[in-house]
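We just call them A, B, C and D in the order they show up, numbering each chain from 1.
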Amino acid sequence: MSSWGKHIHISVFGESHGAAIGVVIDGLPAGETIDLDALLLQMARRAPGRDKAATPRSEADTPEFLSGLLNGTTTGAPLCAVIRNTNTRSQDYGNVLTCPRPSHADYTGYVRYGGFNDLRGGGHFSGRLTAPMVLAGAIARQLLARKGVRIAAHIASVGTICDQRFDPINLPDTLMEHLSGTTFGLIDPTKEAPMRDLIEDCRRNGDSIGGTIECAVTGMPAGVGSPMFEGVENILSSLLFGIPAVKGVEFGAGFDGTQLRGSQHNDAFCYENGTIRTKTNHNGGILGGITSGMPILFRVAIKPTPSIAQEQSTVDLQNHCDTTLTIKGRHDPCIVVRAVPVVEAAAALAMLDLLMEVHT
Amino acid sequence: MSSWGKHIHISVFGESHGAAIGVVIDGLPAGETIDLDALLLQMARRAPGRDKAATPRSEADTPEFLSGLLNGTTTGAPLCAVIRNTNTRSQDYGNVLTCPRPSHADYTGYVRYGGFNDLRGGGHFSGRLTAPMVLAGAIARQLLARKGVRIAAHIASVGTICDQRFDPINLPDTLMEHLSGTTFGLIDPTKEAPMRDLIEDCRRNGDSIGGTIECAVTGMPAGVGSPMFEGVENILSSLLFGIPAVKGVEFGAGFDGTQLRGSQHNDAFCYENGTIRTKTNHNGGILGGITSGMPILFRVAIKPTPSIAQEQSTVDLQNHCDTTLTIKGRHDPCIVVRAVPVVEAAAALAMLDLLMEVHT
Amino acid sequence: MSSWGKHIHISVFGESHGAAIGVVIDGLPAGETIDLDALLLQMARRAPGRDKAATPRSEADTPEFLSGLLNGTTTGAPLCAVIRNTNTRSQDYGNVLTCPRPSHADYTGYVRYGGFNDLRGGGHFSGRLTAPMVLAGAIARQLLARKGVRIAAHIASVGTICDQRFDPINLPDTLMEHLSGTTFGLIDPTKEAPMRDLIEDCRRNGDSIGGTIECAVTGMPAGVGSPMFEGVENILSSLLFGIPAVKGVEFGAGFDGTQLRGSQHNDAFCYENGTIRTKTNHNGGILGGITSGMPILFRVAIKPTPSIAQEQSTVDLQNHCDTTLTIKGRHDPCIVVRAVPVVEAAAALAMLDLLMEVHT
Amino acid sequence: MSSWGKHIHISVFGESHGAAIGVVIDGLPAGETIDLDALLLQMARRAPGRDKAATPRSEADTPEFLSGLLNGTTTGAPLCAVIRNTNTRSQDYGNVLTCPRPSHADYTGYVRYGGFNDLRGGGHFSGRLTAPMVLAGAIARQLLARKGVRIAAHIASVGTICDQRFDPINLPDTLMEHLSGTTFGLIDPTKEAPMRDLIEDCRRNGDSIGGTIECAVTGMPAGVGSPMFEGVENILSSLLFGIPAVKGVEFGAGFDGTQLRGSQHNDAFCYENGTIRTKTNHNGGILGGITSGMPILFRVAIKPTPSIAQEQSTVDLQNHCDTTLTIKGRHDPCIVVRAVPVVEAAAALAMLDLLMEVHT
């Protein structure tokens, strides 16, 4: 199912080369003014062709709002936004699946849907379906900002080239605002050049490269979330693994933290100006599934773009034999760059949903 | 909420030092014979005191089945199993939270529940609540075995000491069966001694250590799961992050895979005895949220046990000042060992739920 | 929330005088051919202006399919259909709620959404939102027909004028097909004239009238549905009460059956050509929430259209005083006629969802 | 599935003649004191043998609380309550289904569960499973009372003998309190004798009789509930149809109201001491799925108890032929009496769930 959420319920639809993609957002509070420019900024961050590291396929991606908005304000009814597919080159793809692209969902979708799924451009599996997620997240983040919650992510690594990590204790608003409005977000700007060089090298070689994204949420009050299956980690990851190419999610110190001793990893509590905080933040702001009031921190692993220009081994489903495949079309050599606002959008939706759970 | 699942719905209840813990499992098919010995074996793998690396607190953990079973066979009605809490030493804990234990849910639970939650032994946040999960998973795994699905996990690392990884292509039944029935499961048995030494060293120093668990599922047919929010990764992680101390989940090559190029990471398709397989398995058997027919592989990060004997800094909630805390009681210096069957149980529940989704 | 369903998940959006209304249908099996003409026939049955008993407001109501369909066949991805609002006369309504219309959702929506909901034409509460339900139901009924399941409803009563009831045991396919394709469906055609006279009388007097709809489902196998909260009655009613103006739902003998003795009401089992059937069908084909294989029968109560031309007492929310109101605009004096295909659509969605629950 | 609820989630388990029945209630706010005597009073109202109109089978029905309560106060963790089955006479039933009892779920359960369900005493379909619902409702009603919400029901009819209806506008607290604490609740006490006579007559004749229950909720604020599928009617009916023998639900004027003209049925708004109210209440306090602030009123149809002593026609499933059946055991000739607190419990759970939905 392509729907998600308990309080803020989203239903994402569309195929890459169909008529349109879009999202229905149900459960939005009424009376919230939506800043359309801010929303379009978020969509532009994800859109291809805005950054030379991305695919040259340029989409307008201007959403039409069919419902739920009146004079720029939410009505409380389900909000439906539609983005038309315009610049599609379907001739790049047929709809008879002969040779599934390695590491794509071609083959698994073929089995799952008995060959009836729209294969063109990846269909419903396409990364293009993250556009409605960013749109929904852009609305969520505007509501969150009114509650003092900020969300920002950066390119934590491309291949083995790493950006600096967030300071897990101290996340200045200026940094959060800078990152959440830019397209190649880094904490250490000196890493941009080597990262771009690596991506360019991959493009030239008909290859691609993976990376990681680190995301931070500030301003969440303590006490949000629930133990076991509705914890902050559960809810966040249920959305994050909905982003194509995401293969891992870790919170706080995550996998690295497993090498620490408890005496190193434990976050000691302390009072700071009358507020309870922790001196370190190896738990990424979450204890027992519930926010501690510290910044929420998580990292997401993005696999290398599976669409590469190099010839690859695959099977011929018609003739039941091994064969080779050369993928045509325009593809990002590193999807990490454009995935940054998608990860932020997922975080925004998760945080809004969590904040709407009331316990009294 | 402590309930989970679409087709197999579990509702976990209980507090560590309350009368009992347990689980209601709704949606089980009728007519399935439950092998009670096999179920108790799984529970014994998780139970404390069975392995010298674990806490000496010994619990009977013998479940009573209140409903859903008749003559050892499922009736189709919700199955409720209850495990009494017997060997509790509540005097180790009071129920007035004065000093929250670092890295525990004491403080977040206190804020979330306004101080009314049962603090004794961690209450509903206790690792003891994984016993009902193992019980439910033990039932699920018996049903899965009848469909040819096997699940096994091993201790992938304790601190920096690593076991060998699963061969992502070839997972012999003998290995799967050995691991899913043992208590200190390793692929490379020579790693047991250094791991135990490290754990013992932590114990002696009043400290603890984290680790990782790798889990494999074999026999899942291709085409199971859905794109976006009901993919295999989403469903698995929504359960896995319900296990206390889990701070990260990755599938296939996961975070390491982000350093690869597409030409390295992509899993080429090929025919093998008429069946479509992939030559490598960096995607961990999942493409676009849907199974590919290859083994499903994932790793879970377990943080170091937060309960350590060393003195720690914390706050005094009554007097609103900083203070120190020394935790008494019996605690595992490395929870990884006992978490192995819990991770398997989560995998079993997720797989059964996924297999019960029908698309026609 | 305006979303519904476990296996077939619908998300309805739109406001009566906004840009468009529509629905996202998630969970449809792939590879199902959709007969567009049959779909449009169902929508025409609900559309206003097709029958002289209905409002003269004529809408094209031609849906555009944005996703989920390729060459007229379902792809398995969420299907989004959009119906533009064209013939709207918003000047009939302002968006400042001064005087709530009695028996409408104006006042309750005003409180619920803090005055931000789109009031024009009833907004999201409008009966027009049943168009997407009919569309979704028209798809569901095509899939059901391939499984031998038929759905038909008729006007059981308008005011005190009653049509004949369905024979609860014997429902010929010819009757089912006739009713499910017509616009003023009756079993006894001699009741059309008096019903139309009564409706016309109401119209002339600026008044309206209620009625009941009886619906039958044939061809459902025995053993579908679950006890307690996922029974056939629960699932059907959760949809039926989503139709505006529905104030009651009863199954089989329903309220009348409460006056019978058990010896009269009990449906005796018998073999008929090797198949188990019941001699009577007071339970409407449902026992313990589960289908018995007999026709499923239920009745729905539709209150009189609240929009009447007569002057009515209401309050002035701006001046906080009592006042009177005369509603302008075009309104059905009897919504029952157009609600018949909506009730069928709800039944179709419920039956498809129930059939997709698999128990093994 | 036997679980229900979005904010207050209940999971009911047990079979009539198994070890125990019970319920897990998840989502209860922490810190709520539970009055155990008030809870037991509600359970006693439902228990058999307390009223001469009911079955002589006497059950202790004293629940044991396994979790979620500490010193009589909710901890916020899932609350599990277990009721042991003691006074069972399983010899009255075998577990091989030969002859399904007419109007019972024997046959449909047999098909649904492939013959593996626990048939003894109706198993999970038994009316005894309403005991955990009453328990959960008794907790919900205590929380509601603290918010000024009261719930009461009465026997509206037994056969054709009718009690007076609630005044839909004016429901004094004294009446609400009286009804919600008694066992043969009537507004007009003179109807008790003829109702009891009718019931006794049915018992003497080995027969049974149906009836209706009317329920009122006072004190619900305006603006609670949502349009379409999460309206007050949808949520209430999704629970009410989970009560065995319920075959119809109507709100406000319900089916009778369909005979009225709009000018008669519409509820005019007026100010009363500065508060907006309606002069009549034909809509039962609900407009567009949302509360209007007026009393919520609904009626429930209860079919005659299917277990009657008279010989009945049925089939022999073993020998595939028609046969007759005489049901032994102790059965209520009129289940309506004991269903009154169950209907109230369902209303309490629905109201609490609705009130916990927050829209801002």
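Quick note on the criterion: a contact is a pair of C-beta atoms (placed from the backbone, for glycine too) under 8 Å apart; a residue touches a chain by one contact, two chains touch by 3 or more.
What you see is a predicted model; the values in this text were computed from it and never measured.
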Chain whose mean Cα position lies farthest from chain B: C
Result of counting contacting C-beta pairs for A-B and A-C, higher pair: A-B
Length of the line joining the C-alpha centres of chain A and chain C, rounded to whole Å: 39
Centre-to-centre distance between chain D and chain A (centres being mean Cα positions), rounded to whole Å: 46
Between chain A and chain B, centroid-to-centroid distance (C-alpha), Å: 26
Of all residues in chain C, the ones touching two or more other chains: 1-3, 12, 30, 76-77, 112-113, 124, 227, 359
Partner chain B, residues of chain A touching it in the complex: 1-4, 12, 100, 102-105, 107-109, 111-113, 124-125, 129, 157, 159-160, 202, 207-212, 222-231, 233-234, 237-239, 241-242, 244, 246-255, 257-271, 274, 276, 278-279, 282-284, 286-293, 299, 301-308, 310, 312-315, 320-322, 359
Complex contact set, residues of chain A against chain D: 6, 29-30, 76-77, 227, 356, 358-360
Chain B-facing residues of chain D, complex: 1-3, 9, 11-15, 18-22, 24, 26-27, 30-31, 64-68, 70, 73-80, 82, 95, 112-118, 123-124
